Amino acid sequence: MAQNIIVSPSPHIYKRHSTQSVMLDVIIGLVPAMIAAVIFFRTKAVVLTLVCVASCCLTEWLCNLLRKKPNSLGDLSAVITGMILAFSVPPTLPYWAMIIGSVFAIAIGKMVFGGLGANIFNPAMAGRCFLTACFGTMMTTWTVPATIDPNMPQVGTVSQVPTVITQATPLALIKEVIKNKSAEQDEKIAAIKGIFKNMFIGSTGGCLGETSSLALLIGGVYLLIRKTISWIIPTAVLGSAFICAFIACELDPQHSVAPWIHLASGGLLICAFFIATDPVTAPLTKKGMWIFGAGVGALTMLIRLVGEYPEGVMFAILLMNSVTPLIDRFTKLTPAGGKPNA
Amino acid sequence: MILADIITLWNSSWPAGVTMLALGVGFSIVLLIADKKLKVKMDPKIEQVSKALPGIDCGACGFAGCSSYAKAVVQNPEIIGKCAPGGGKVSEKIAEILSLSVSGSDIPVRPIVHCRAHKDDKTFFGQYDGIPTCTSANALANVQGCKFGCLGFGDCKASCKFGAIKIINGLATIDYEKCTGCTACSKACPQQGLIEMVPFSHSAMMTVACRSQENGKDTKAFCKVGCIGCKLCTKQNEAFVMATNFAKLDYKKYQPGETCETAKKKCPTGVIIYRGKDAPA
Amino acid sequence: MDKIYVLLMAFISIVIVNNLVFTKFLGICPYLGVSGRIDMAFGMGMAVTFVVTLAGTLTWLIDHFVLMPYGLEVTRYICYILVIAGAVQLVEMYLRKFFPPLYESFGIFLPLITTNCAILGLCLFINLWGIDNFIETVVLSFGAGIGFTLAICIMAGIRENLKTADVPDSLKGAPITLITAGLLTLAFMGFAGMIK
Amino acid sequence: MLSQHIGAICKPVVNKRDHITTGQLIGNAEAFVSAPIYSPVNGTVKDIALQSHPVLGRAEAIIIESDEDNSPKQPCPDKFSADFDPRRFLPEQIFDAVRKAGIVGMGGAGFPTSVKIKANPNSPINTIIINGCECEPFITCDYRIMLEWTVQILTGVSLIGRVLNCDNIYIAIEDNKPDAVAAFKQAIQKMPSISGIKVVAVKTKYPQGDERQLIKSIINKNVPTGGIPPMINVLVANVATAAAIAEAVVLDNPLTHRVVTISGGGIKNPGNFYAPVGTSVSYLIELAGGLNNDAVKIILGGPMMGFAIADLSTPITKTGGAITILTEKEIGPAKRGQTPCIRCGRCIEVCPMNLNPTKIAHAAKHNLLETAEEYYMSACIDCGCCTYTCPANIELSGFIKTGKILVARQKKLMPK
Amino acid sequence: MLKMIGHYIKESWLLVVSAFVFGLLIAVTNAAWQPKIIQNKITKLDSLMNVLIADAKFELILSDVPVETGRGKIAKSNIYKATASDGNCVGFCFGAEGSGFADKIELVVAVDAEFKTIMGYSVLSSNETPGFGDRITQDYFRNQFIGAPAAILNLTKKGDDKKIDDEIVAISGATVSSTAVVDIFNNYLKQIREKLAGEGKLADGK
Amino acid sequence: MENKAPTVSNVFTAGLWRENPILRLLLGMCPTLAVTTAVKPALTMGLSVIFVLLCSNIVVSLMRKLLKPHLRILMFTLAIATFVTIADLFLKAFQPEMSAVLGPYVPLIIVNCIIICRAEACASKNGLFVSVIDAIGMGIGFTVVLCILGGIRELLATGMIFDIPVMWKGFMPLSAMRMPVGAFITLGLILGLVNMLTAKKS
């Protein structure tokens, strides 16, 4: 009988899309932020991102080689990890530190769990956390974007220019206001309020890809339109962060800034659209997504307002990642017909 | 002088000694009473296993203490070998206790695969392109011609905790040196009766390695080495009995001897073979 | 009010910021061992919470009313371990005899706890921190138990997911659990500095 | 083929080399949940042996060699007229006729219809839904008979209503078949004796033909998980079944033939055929012009839930309404291989049963049957939507099916 | 009853005897090494204080002084008086503690005899984050305190860390730890001064 | 297998590799993680464990014939706690710095499963000589792993070993290695490596 006849379980037809196409969408969504980063940080942004993506891919390739598994670079997830990691570090970070972060992100954050789909924590955020733990000072030193100061040190000159011109990020300023109840607070709050427009466009000090709210919003809307991400998580993250910031503002208007400044600053937008929506590490069910998003938003604000670090996104993401299995478990779906024998 | 030293020492240290003494006395009483009054009756097998375990309640096995693990391992022998402090010796001991309880006698029970068809011996209609496990494949028709033989995807191999099963060219083959008779493979195999637990009264057991219920013609069409139900062997020795279109060996009646050898020789498809540790190749 | 604030802060601190598992490495053995399934982990956590509260309080009382007044500090460790072991054993028997369902759900974990260093560790830390307030001791002990429960439940949730993951063979079991715990400590770093 | 339906397997009542005629009883079983089998042709019993079966692999069958002078049976919709009155028949009469004719659910499950229409005083049926939704893409057999046998179907429908004493009847037809809807509406108007039959157009989407989905879309009720429609006083019957009932009751013909759709890119002349039950697939393929060169998959049933076969001597059964022959192009990207699950949740979105397929499938894959059951594996209806939609090409429904088999086996091994 | 006691003795004599023996063993060891342990503590404290106030002898003048460390918490502090070889009081040292980033920070603080200038501090124990908070043990941070006025200290983020005044420049990335140290100073200086003044031990306006 | 008289080298190497308490048996994790920020405390800890292990094995081995089953564990605990107290006093008296660094992890040796495990599995069944060898083997196995772990962490976190700088100039220390995360991940990877090696061997 015909040997070319295939026998397999049903179903016998499949939809025409793949993991790769889903990931490609995310990369496209990150492009506006990339463009903004290039505008503000010039070649530094390009090289940092390239270094990061390259080392992520290389690490993944090596890990697969070591495990004698087929190469999994094709799914593009390593590229996304590299991009997000690059976007979430200050542009001054030396390349070798970047490489350490990337290797940690892919090897420890992802490959030890069995590669894509099995990782419990968002690899990029794990990498960023590790970098913060290792090089705290470096991770909290930001250069002024090239658009503000054209003399900003270019690539390769970091070591030659002894004092890099630094500017605290809006978040760091906010933190200072909260922590030091000193006399200059009003002045500082005014300063923060003054740069809101800059923050929206992105010409403030900050992490590579996190400064421009506009670019991130464009990317996020693209993903939403393509239905690559669910609208629930961004809404929950931003909503709960807004509520927390609002409460803080009401309780202590002296030392807090308006909620929208919090939303527009730092990594909250990239988190809401690109990191928290990472399907691998977010809950599966709709209810779970609401809880997850709200948790991320609230924890971010908690750390920003009460904790030691100016930025709380990475910790909030990792913390919520860690409880994702529990959320999944407690938001278990009930079959359409109700629970059996109930 | 020395005496004075000793007295000072005694003076400074007797309270500690007495405290310990009191503690010792107190706890030994509590424990003795507990031992007497709160002893709970246990399944003798569980008790045996408990005794074999180190009893230090370290939790390394993932269970709540040694007694919990003992209980679990008796119910589900597949989780044998989780006691890290005890190591291999304890696992062996538990396996011994459990395998005794399976056979109920001193004769060890070991699995026999009732199929001897390798890939080249079988007829296939098409290519199977589904989940590569026997259970999945068995749910479909036409994965291979013979519906009763070994599918060769290795569900049994995956279930074996001792690495005693190999799939050799599409046929599950048991390494009787490593096998402990835990019955996991016979439970994992989707083909009914294909892997059967057999009392190994001898180190090499004769067997009719086929369970095809097809009539002889179809069996022949599907497999080069199947039992065609010719009944020749049943005429030689009464341990051979007929089932639906195939002969099988009643292992309880089996005694190695001349007549069995004749039956083996007379079998037209050579489906009567030896299995076991000392099986001739 | 201030007192309550102090107690509350102490509680949050021991549960999150100074979590025994993540910062003091206490109770790692059961953390690796019993975190395979959520129900078991939760039972274990509850049992630990119960015992640690009991043990922390008892040892504090013994320390302050027996050992210190009579200058018997040198026998402290022995007293601690024996008190813990004894208390655990008694509770276990009591439960088994009078509350069998309760025993089934968390009593079976009790013998395991005697060798859990979280218990003895906490007693020692309370001693080291020089806590001389009875209520604070109770709160700290209870909080330590809750912290352990939190940590082990999170881990159990993660491990249930990891069961179906393609973790490299050599990393299966304890290694991957340790690495996960490492990443968890990274995450918990975020809470640092929240408690003054 | 003696295993044609759910329930007790029939025993042959003829012997090797017997000569039999069309409509002669050849297999029967005493059990309640069963249906007799009749010969569709005149011929000689060649053998009683194991034969390929789409589900069971090999099953006992009566192999009949057809006589040469066999004149094929023709469908008989013209024997039914609009002035039919179901009150001519007593409920018991209808029941007996259905039981005797060996009618089973012809939509796919093959549950003996006689059992289904046996009135149960504990849960009286108050709604009857006649399922005119094709169960899967590619299949058009129900559509054809709805257009051509409209009156016969309505006769059958009214008989079901009569036997269950229920006149709240819906005929559900997908909204991409307006002509079928119109045909029924027209026919109903012409039939004075029947009342209470409503024709409903439902959304065209897979798996609309599943009885649970149908009940949900028509009367917005959920069948309890693990339960059956009668639990919420609903009966669902396929249009072909209704037609067969009409034939059995009015003309006293046993069920020996059915309409089979042969379709897909792999066949030369796709179409619907009125074929004797038990005809081999190879014969039908020949009838439809033979296979194209690029045919790679032969499926008994539709592409979503059908059974792929390779042995073309497999006969069709009472339940098998279609043979689908797919080319590699039609199959889609399956050949690209599986990639890891990225937990995107698309399978959850499409699951008609509101389950968590990825969780269940992964648990089943790793033999964590308890976990799989915790996530209600048994509620899965095997529709295959999850596998269809998975971007990682994971055979979710395959794993779930395997898991269900394992659970069933485990229950068998450890009776409690 | 007697039988039970007999049974008991038979079962557990070994335990009881060894408990007693072990108890004695510990006690003897303790008796032998305890003086050394106490000496160690004193030596450590002395050496720490000696770094702060060189060439002085230290004498415990007040022990277990209750100090409020904020939010109603009470800590106990020992105060030592430093006497130079000429017999003059050259300053005071006291133990001080407060909550740091991760755990308690314990310091030894030295002030001059008039309680006007800080003479420095040493870290007795801390469990601060390595690389950040644990820099409170490093000289560049500690030196800011030497010579600073024994009044309220302020913490700033930027400034000259070489200048000696009441402005303390925080360790970058470790604001909490820096704040903790400054808070300890602000807390203790006031309370200890009051205590000493109250006891009349302060060499005021000499 | 258990009937064979264990040879000295057999017993000794068991602790070093085949049944290494940390790498293979996963016992005594708390000190392994907590005290390995550097080599020195790791070594101190290891030596303390060797001492306690040795003493308790000797005592248990001597008394093994007198032990009553249900009082056995209590007896072990008592002996172990005693020796731990002695070790603690010794450190306080002669290594005050290390004692401060190790803090409560020294008394926590009491609940270190290695010791009670060896008492139960080896000393209560074997003679004095075997028990002593076993204790030394196990203790050294424990210490070596502790030192390796401490070494890796100290090297990466500070660029030093035994407080002597060994890394190249300009090396940026990875301070995360000194934090808990470093401990967990390093040990996890080492365990993975060991599993890989053993899998290859067999």
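Here the chain labels run A, B, C, D, E and F in written order, and each chain numbers its own residues starting at 1.
Please note the rule applied: a residue touches a chain if its C-beta (ideal position, glycine included) is under 8 Å from a C-beta of that chain, and two chains touch if they have at least 3 such contacts.
Here the structure is a predicted model, which means the values were calculated and not measured.
Counting hops only between chains that touch, subunit D reaches subunit F in a minimum of 2.
Note on interfaces A-C and C-D: more C-beta pairs are in contact across A-C. With centres defined by CA atoms alone, the chain at the far end from subunit B is E.
Seen from the Cα centre of subunit F, the chain whose own Cα centre is farthest off is D. Inter-chain spacing, taken between the CA centroids of subunit B and subunit D, is 42 Å.
Subunit E and subunit F, compared by their mean Cα positions, are separated by 32 Å.
Centre to centre, using the average C-alpha position, subunit C and subunit F are separated by 22 Å. If each chain is reduced to the centroid of its CA atoms, subunit B and subunit F end up 36 Å from each other.
Of all residues in subunit B, those touching 2 or more other chains are 15-16, 19-20, 23-24, 27-28, 31-32, 34, 56, 58, 60, 124-126, 129-131, 136, 139-143, listed in ascending order.
Counting partners per residue, subunit D has 307-311, 334, 340, 365, 395, 398, 401 as the residues that reach two or more other chains.
Each of residues 11-12, 15, 18-19, 22-23, 26-27, 30, 101, 129, 131-132, 175-176 in subunit E touches at least two other chains. Note for the complex: subunit D touches subunit C at residues 340, 362-363, 365-366, 368, 371. Residues 172-177, 179, 181, 185, 188, 192 of subunit F are the ones that touch subunit A when the two sit in their complex.
The touching residues of subunit C, when paired with subunit D in their complex, are 160, 163-164, 166. Contact residues of subunit E toward subunit F in the complex are 11-12, 14-15, 18-19, 22, 25-26, 29-30, 33-34, 36-37, 40-41, 44, 125, 129-132. On subunit E, the positions that touch subunit B within their shared complex are 8, 11-12, 15-16, 18-20, 22-24, 26-28, 30-31.
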